[in-house]
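Data first, discussion second: the structure below is written as structure tokens.
Labels run A, B, C and D following the written order; every chain starts at residue 1.
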Amino acid sequence: MIRVTREDFSVDEVIASIRSGGMGAIVTFLGTVRNKSKGRDVDRIEIQVYEEMAVKQLQAIREDAITRFGVEDVAIVHRYGSLGVSDNIMMIAVGAGHRPEAFEACRYVLETIKEKVPLWKKEFTPEGDYWIEGEEYERTE
Amino acid sequence: MIRVTREDFSVDEVIASIRSGGMGAIVTFLGTVRNKSKGRDVDRIEIQVYEEMAVKQLQAIREDAITRFGVEDVAIVHRYGSLGVSDNIMMIAVGAGHRPEAFEACRYVLETIKEKVPLWKKEFTPEGDYWIEGEEYERTE
Amino acid sequence: MNVNLKFFASFRLLTGKAGTELEVPEGTTTSDLLVMVRDMYEGFNEKTVLYAVNGEYVGKEVGLKEGDSIAFFPPVSGG
Amino acid sequence: MNVNLKFFASFRLLTGKAGTELEVPEGTTTSDLLVMVRDMYEGFNEKTVLYAVNGEYVGKEVGLKEGDSIAFFPPVSGG
């Protein structure tokens, strides 16, 4: 399951969408809005997405991870729009026969998303708003 | 939060019990009953626990992981009793500022549980019932 | 021929728009287009530019055709 | 003095019980008790035995006292 959405999601529901009898291990990564970023307080964030491309990229990453690590299934949900502190940003769920490949595939999917999928975070802080570009920051106003 | 219980749990609820504004990453491991084990079909499993000791051990593992990896919080829930294929067995949720320590602490907690916490699985298969001891198997009847 | 440009994140701020149509010569490649865009919009030069054609990452010398959508954006930061 | 023995998993099967009370000499240590238990129950010898006193893993030469609970069990397999 791949979903790019403004809406919040339930971790239980996303896990239910992949759960099967062949799985002994389901590793989930949940990204949430942190109240600090590089020493600045964060009030909220906005996420912009190039949606058609993001969906295609996420589908390709999912298929690659399944083949590469031999896991049973992978689900990825990523939100966009305005999010407050502690809100869910995105989640990855990887179901596998055993734990090593579930952890490895989950980490791989996350790192690949951070490198390739066209989504950008803008952080709103008391000092101004910053687009985050890769690991760099740019003041936008 | 540490819980040893016969009851099922909601991953969303366990995550909610640790979620805080200092977290950007919450890594969850969910163990589920797999339909195969070492080539045998598994119909169901039973988990026996030495409950007082398991709770103490889990509390110690939680505190150790928080200190060792500098993560924000850790929750562990482990079930016992009779479980069917695909049922939840246990979960670990680790919330941290950033993803590397969340993944590392989650894996560490899992491996330490598998080494130290007094819980034992018995697998019911068409060929008989087997107590699982560490990574070994013993035919029980 | 006409192609569609799309801008995201800080590039939308630099260009003042989410997208625009542009007429380019037949045979224009992705790297030719990048040169044009860097000339058209101040600030592009100092930044790392990623681009995609019709939603796929492609190489530098890929030929463009009528109606292609070319997106320009900074390094991504989802996850 | 009296101590309480507890057995788990396959050790419950070997001994036919979840637990029992045992009278042991003053000064008995964990390793003394392990020798006694191995003698009392057939099958203990061939197995890896873990033990805990009052719910904590302890060393081999820990002295026992009246009322202690000593648990014997195989390598754990939770998680």
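The rule is simple: a contact is a pair of C-beta atoms (placed from the backbone, for glycine too) under 8 Å apart; a residue touches a chain by one contact, two chains touch by 3 or more.
Since the model is a prediction, treat every value here as computed from it, not as a measurement.
Undergrad: Based on mean C-alpha positions, I'd like to know which chain lies farthest from subunit A.
TA: The most distant chain relative to subunit A turns out to be D.
Undergrad: Calculate how many whole Å lie between the centre of subunit B and the centre of subunit C, each centre taken as the average of the chain's C-alpha atoms.
TA: It comes to 48 Å between the two C-alpha centres.
Undergrad: Based only on mean CA positions, could you tell me how far subunit B sits from subunit D in angstrom?
TA: Chain centres of subunit B and subunit D, defined by C-alpha means, are spaced 25 Å apart.
Undergrad: In whole angstrom, how far does the Cα centroid of subunit C sit from the Cα centroid of subunit D?
TA: That gives a centre separation of 72 Å.
Undergrad: For subunit C, jot down the residues that touch at least 2 other chains.
TA: Answer for subunit C, listing residues that touch two or more other chains: there are none.
Undergrad: If a residue has to touch 2 or more other chains to count, which residues of subunit A qualify?
TA: Each of 31, 110 in subunit A touches at least two other chains.
Undergrad: In graph terms, with chains as vertices and touches as edges, which category applies: line, ring, star, complete, or other?
TA: line
Undergrad: Applying that definition of touch, give me each pair of chains that meets it.
TA: The complete list of chain pairs in contact reads A-B, A-C, B-D.
Undergrad: Under the stated contact criterion, what part of subunit A meets subunit C in this complex?
TA: 31, 47-50, 52-54, 56, 78, 89-90, 110, 113-122, 131-136, 138, 140
Undergrad: So in the complex, which bits of subunit B are touching subunit A?
TA: 10-12, 15, 19-36, 85-86, 97, 99, 102-103, 106-107, 110
Undergrad: Under the touch definition given earlier, write down the residues of subunit D that touch subunit B in their complex.
TA: Against subunit B, subunit D makes touches at 6, 8-10, 12-13, 47-48, 52, 55-57, 71, 73-79.
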